[in-house]
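The structures considered in this document are given below.
In the two complexes that follow, chain A is the common piece, with chain B as its partner first and chain C second.
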Partner chain A sequence: MFALARNNLFRSRMKALMAIGGVALAMMLVLSLDAILAGLENRIGAFVERAGADVWVAQSGVRNMHMASSAVPRGLVDQVRQVPGVAEATPIRYLTNVVRSGDQDYIATVIGLPVGATMGLPNALVPGGTMPKSGQVVIDGAVGKAGANVGDGVRILGSTFEISGRSEGLASSLSSLAFIPLSDLDRMLGNDRVVSYVLVRAAPGVSAESLSAAIETRVNGVTASTRTQFAGEERRVVRDMSTEIAVIMNLAGLLIGFAVMALSIYTATASRLPEYGVLKAVGASTRRLAGVVVTQAALTVVVGLVLGLIAAYATALIAPHLDPLFDLEITFASVVKVSLVSFAVAALAAIAPIIQIAGLDPAVVFRRRIA
Partner chain B sequence: MNTPTLAVTDLSRRFGSGPTEVLAVRNVSLAVAPGEVVLIMGPSGSGKTTLLLMLGALLRPSGGEIRLDGEVLTNRPERELPAIRLRRFGFIFQDFNLLSALSAIENVALVGVMGGMSSKEAKARATDLLTQFGLLERLRFRPELLSGGEKQRVAIARALVNDPTFILADEPTANLDAKNGRELMRLLRSIAKEQGRSIVIVSHDERIRDIADRVLWLEDGSLKEMTALSVDPVCAMRVEQEKALISIWDGEPFTFCSKGCRDEFLQAPYRFFPDTAAGGRHAAALRDAVRMETAVGAV
Partner chain C sequence: MGLARRNLLRDKGRLALSIAGVALATALVLLLSGFVDGLDRQLTSYLDQSPGTLVVSQAGIKNMLVATSVLPQGTAERVRGTDGVASAVPLLSSFVILEFHDAKQAGYLVGFDPLQGGGPRVLSSGRQLARDDEAIIDRTLAQRHDLALGDTFDLMGQRFTIVGLSEGTGSWMTGYVFVRKAEAETLFKAPGMTSFLLVTPTDGLSVDRVRADLAALAGVTVTPKAEVAANDVAIFGRFILPAVRLMTAIAFLVGTLIVGLVLYSATVERQREYGVLKAIGARARTLYGVTLTQAAIITFAGAAVGLALALGAAQLVMVLRPQFQVTFLPLTVAVRLASSALMALLAVLLPARIIASLAPADVFRRS
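Then we have the complex of A and B:
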């Protein structure tokens, strides 16, 4: 019966191509969307992961950067430094604003770094660049990608900064990063009383968990998170923000897949209904014929899924070359989810043809032209 | 007669009820011995298809009994019938009814697999049958690449793959040319005689009479032996001799279905036998008479 299901599917190459291609396209859409979101989550957490801090100290109740505001009185920085187990503490200040390059505005996280900072630095400076001095900026992301080079000027909060360097690997497709001296940011914001976060490196042998607990105990009005917790919260925020979009897009992709599959299986069965009648007449049970339809649907899904996976992986490989801010990460969980849903969709798509076959009277095959 | 492969007793089938009730098959009794070929003929609407469907366990009779190899089929539950059809019946259809997506060997093997064979066994059996039927070179061909005769031989192989004792053929020669029709008839006869399978053929094809052990005539839902019937020379209907109108012409008796046919015949009997000596004599006389009348008219 497998041969019958296989041949029914592949007998007409054009129909098979359309059915499998439609399923593959839908699966690729769903997988790619998941991969885009997973890539975005990774990118969003990249600065936190690579900043070099074991513990992030923020205003009480603040546990992430994205879509959050934190103000830690500058006087608390020294208190943090004095907590046992703290090897080093670097205050940084940040805000989300736009960087204007030429006549284009780019959403960017502007980070103010103190002189001599050892944490929270740009990730990998492109050769030829230097760390920013007063009036200078290091950019990461869309601004640099748009063609701004070292020596060019960009405007941040109404002031002009000269690009002293470019870094890579921290910005996402949602937002670029701009590193400027903390003193410049203080001046533009009109005060130097607060910082946003204190980045803390633990002394050798001290765990991030115990250190963050110690900081919260000894310093009032702050929340200390380990790097893992802080990055996790950062990703959770993005995930929460994109969940509805992801669900809608996933549903749209799966509905397309379902429609294509249901239509192709239904038409393939309907066009061969007399042949199913012949098989019923010679003694095939409805259950056996239902098995043919289900096998055909499953084959469509398996081949469509494999092609969809290949296409999604190819897209994931090509996309960063076309746009370095665009990371697609195809996760195992996503593949499992899409596979399971696809098979459920195939089972649903097979229902109508099976009902059609169940209601078929084998007696009609007598004196009916088929082959 | 040996124990019949198929024994049918008082088989009837009604459709509808009350004033719209139609009795398509009425009290048909029939026994088909092993190795016997029975041909059932009859005009359109006589109940042939209904009888065929009941004999093939595809339609439940309203009354009567069908036994296959001594086992009563008519009381078996519906769910058991497909398996019985699969293993104990062979079906041959007018339109071949091969599955277009499968090759010749796959068409035959599929039914073997459905009947419980392993894929390997079914393919070996299919190859064997198709080779016997001269289709060794066509094993991998799809139906669209086969001739009508080849398709029907594949269909016969499919009917035989599960080694049934009883084969039911519906107009098996209808879509074949004369040569392929003759070959098919020879094949069916050899299957019956050499393998001891019983074959019931429903057909309009007079040629099949040559291979049939018995010819039955179905009319108005009832079966009659063809030997007890004769043909009305006017309308070609088969009529029971006992109930027919009989007239003698040129020293021979002729039977008629109605007074109208008899009167039409008696007005000019030679018209119905142009090839016989008597008919030719009369036709020549008629032509002479017509020529004379035409000449007189011209004067």
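Then we have the complex of A and C:
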């Protein structure tokens, strides 16, 4: 059965190439979309996870950073420091804004760091190696990848900052990061009354969970989250907002995959209908012939899926070099999902040819040959 | 034409599947571009319906949605005191994260003074704000999270009651939330803070002249409202368009492969007939014409069905998920349909090669 299915599929290499190519592209469509969302979800929590804080203290009711607004009165920073179990506390201020580099605008999270900050720092400074001084900025993400170099100027909130270093691995495709001194950010915002978050490191032996509970009990008007909770909430912003769009696009990709698969199997079966008639005449059961069609569909899917995966991985490798905002991550869960759905689609695509074979009268084949 | 039609109609099942395949690819391409154009409209709908023609923001800020703007204290008074300014509506706005029924949702919070304007222009139900603990939220945002008038929600430690639902103030990414400006100042712990001023020049005065006068004020940037809207569209487009372009390219390739597969199969099956036609004097050009006509029939039929499918799917999506807006702009649709024609031309290349390499004598030798 397998040999017959394989021969049917590869009898015309060109047809097989087009059928498998179509399936591969449709699978790549779904995988790429998943990869874009997964890449975003994964990277969006990177700064939170690598900031070095065990607990993030925010304005009451605020549980994440991306697209959120948080204002903690500066007077509360010392109150946080005095909570038993707090080893260190670093206040940071942040806002989302457009950073202009050359003639390009980038969305960026601008982070104001106080002098002597020990948490929330840029990661693996390349090549700066120090905290930005007044008038300087350390960048991470698309702004840097797009060609802004150390020593170049970028515009933030109407002021020009000189790039003093580059950080890596903290930004997401949605937003770059720009680290500047807190005093510069205060000056540009016209006040130094509030910070956005207080990053807290727990003393040895103190758990993040108990410390966050203690901070919420002793300091009014704040919400304290452990690093894991805070990063999880960051990712949830992407997940909750993208669920519906992902479902619609996935459906579109799978429908296209279905059309290609149905067409290729139908075409292959129709062109071999006389042979199927002969097989029926010499005693092959409809069930067995249906098995050949299903195997052929499955074979198309398997090869198409493998090629689709290779193409998706290649896209994930190449795309960031073409556009720094692209960040694709192909997940195991996505591959499993696409594989399972593909086989379901293949089974559906085999229905029409099976009906054709079931209705085939073996005698017709001989009548046609005699005629 | 007749030969091409007969070739295709010989196997109606295959023809139907191929038209369906092209239709799906075309529909996906149209839906993707309609979705981007719809999002562009949604992004600018609030600014489009708000008062004023000029936006005064913090120096260097020319966006609204993704910008945090803090105007220097006293700017509103200085702007109102400038010759040629009929009104200056203050707004305090920022993105916020809302939590509705345990789902996270980005919202764009606009604090406005109901006496001066800047709130939603159209309410589908409910009323304007009367108290600080009241909010008006976008209708589609409310519908999406099963919220109704009278329901409450928490934001940044404060509880708000929904008293109105606004129209044309949402998108799939975000929905607008309107509160009184004084309450927004409390939320952001920034008394007296203003992000933007929407300025209406006095009738009959040159907008450029007023803009130039306002730009002379310290610490501000003055931008035409339409330009701010265009900047917002451009900055959002920068991270949405690459993904859309990738998917459009894949859909285009799939469509080309579908047409190619059908034409190739049809040509290979009729190879003998093409050979006979060549043997009795038919020129290769005539036979290319037959293949091209077949491609054109499949592509045009597929494109027409795809267009209908896209229109239907768009309506369905907008009814089931009102936060999505799919807008079909005539120029975009024309360009996408023209790309379908390109699909047909590319798909014809393979069968054309077969015909070109066909030797008439082979037919007789095989016979």
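Odds and ends about this structure:
Everything below uses one rule, namely that the second predicted complex is superposed on the first by the 355 of 371 C-alpha atoms of A that agree within 3 Å, B and C clash if a C-alpha of one lies under 4 Å from a C-alpha of the other, contacts with A are read in each partner's own complex, and residues count from 1 in each chain.
In the analysis below, contacts are C-beta pairs under 8 Å (C-beta built on N, C-alpha and C of every residue); 3 or more make two chains touch, one makes a residue touch a chain.
Quick caveat: nothing in here was measured; it's all calculated off a predicted structure.
For the composite obtained by superposing both complexes on chain A, the positions of chain B and chain C are free of clash and fit together. In the superposition on chain A, contact is made by A:Glu233 with chain C only, not with chain B. In the superposed pair of complexes, A:Ala347 makes contact with neither chain B nor chain C.
The partner that reaches more residues of chain A, of the two candidates chain B and chain C, is C.
Touch criterion not met for A:Met131: it reaches neither chain B nor chain C.
Contact with neither chain B nor chain C is seen for A:Val302 once the two complexes are overlaid on the shared chain. After overlaying the two complexes on the shared chain, residue contacts for A:Ala213 are found with neither chain B nor chain C. Within the superposed three-chain model, A:Val62 lies in touch with chain C and out of touch with chain B [touch as defined at top]. Between chain B and chain C, the minimal CA-CA distance in the chain A superposition rounds to 11 Å. Across the complex, chain B is touched by residues 1, 3-4, 7-8, 11, 272, 274-275, 278-285, 288, 362-363, 365-371 of chain A. Chain contact summary for the complex, chain A toward chain C: residues 12, 14-15, 18-19, 21-22, 25-26, 28-29, 32-33, 36, 59-64, 66-71, 73, 95-98, 100, 105-107, 155-159, 173-174, 188-191, 193-194, 221, 223, 233, 236-237, 240-241, 244-245, 248-249, 252-253, 255-256, 259-260, 262-264, 266-267, 270-271, 315, 319, 323, 325-326, 352, 356. Residues 11, 13-14, 17-18, 20-21, 24-25, 27-28, 31, 58-63, 66-68, 70, 72-73, 94-97, 99, 103-106, 109, 154-158, 172-173, 187-190, 219, 221, 231, 234-235, 238-239, 242-243, 246-247, 250-251, 253-254, 257-258, 260-262, 264-265, 268-269, 317, 321, 323-324, 350 of chain C are the ones touching chain A in the complex. Per the touch definition, chain B reaches chain A in the complex via residues 49, 52-53, 56, 58-59, 82-87, 89, 91, 93-102, 106, 110-111, 113-115, 143-144, 151, 158, 170-171.
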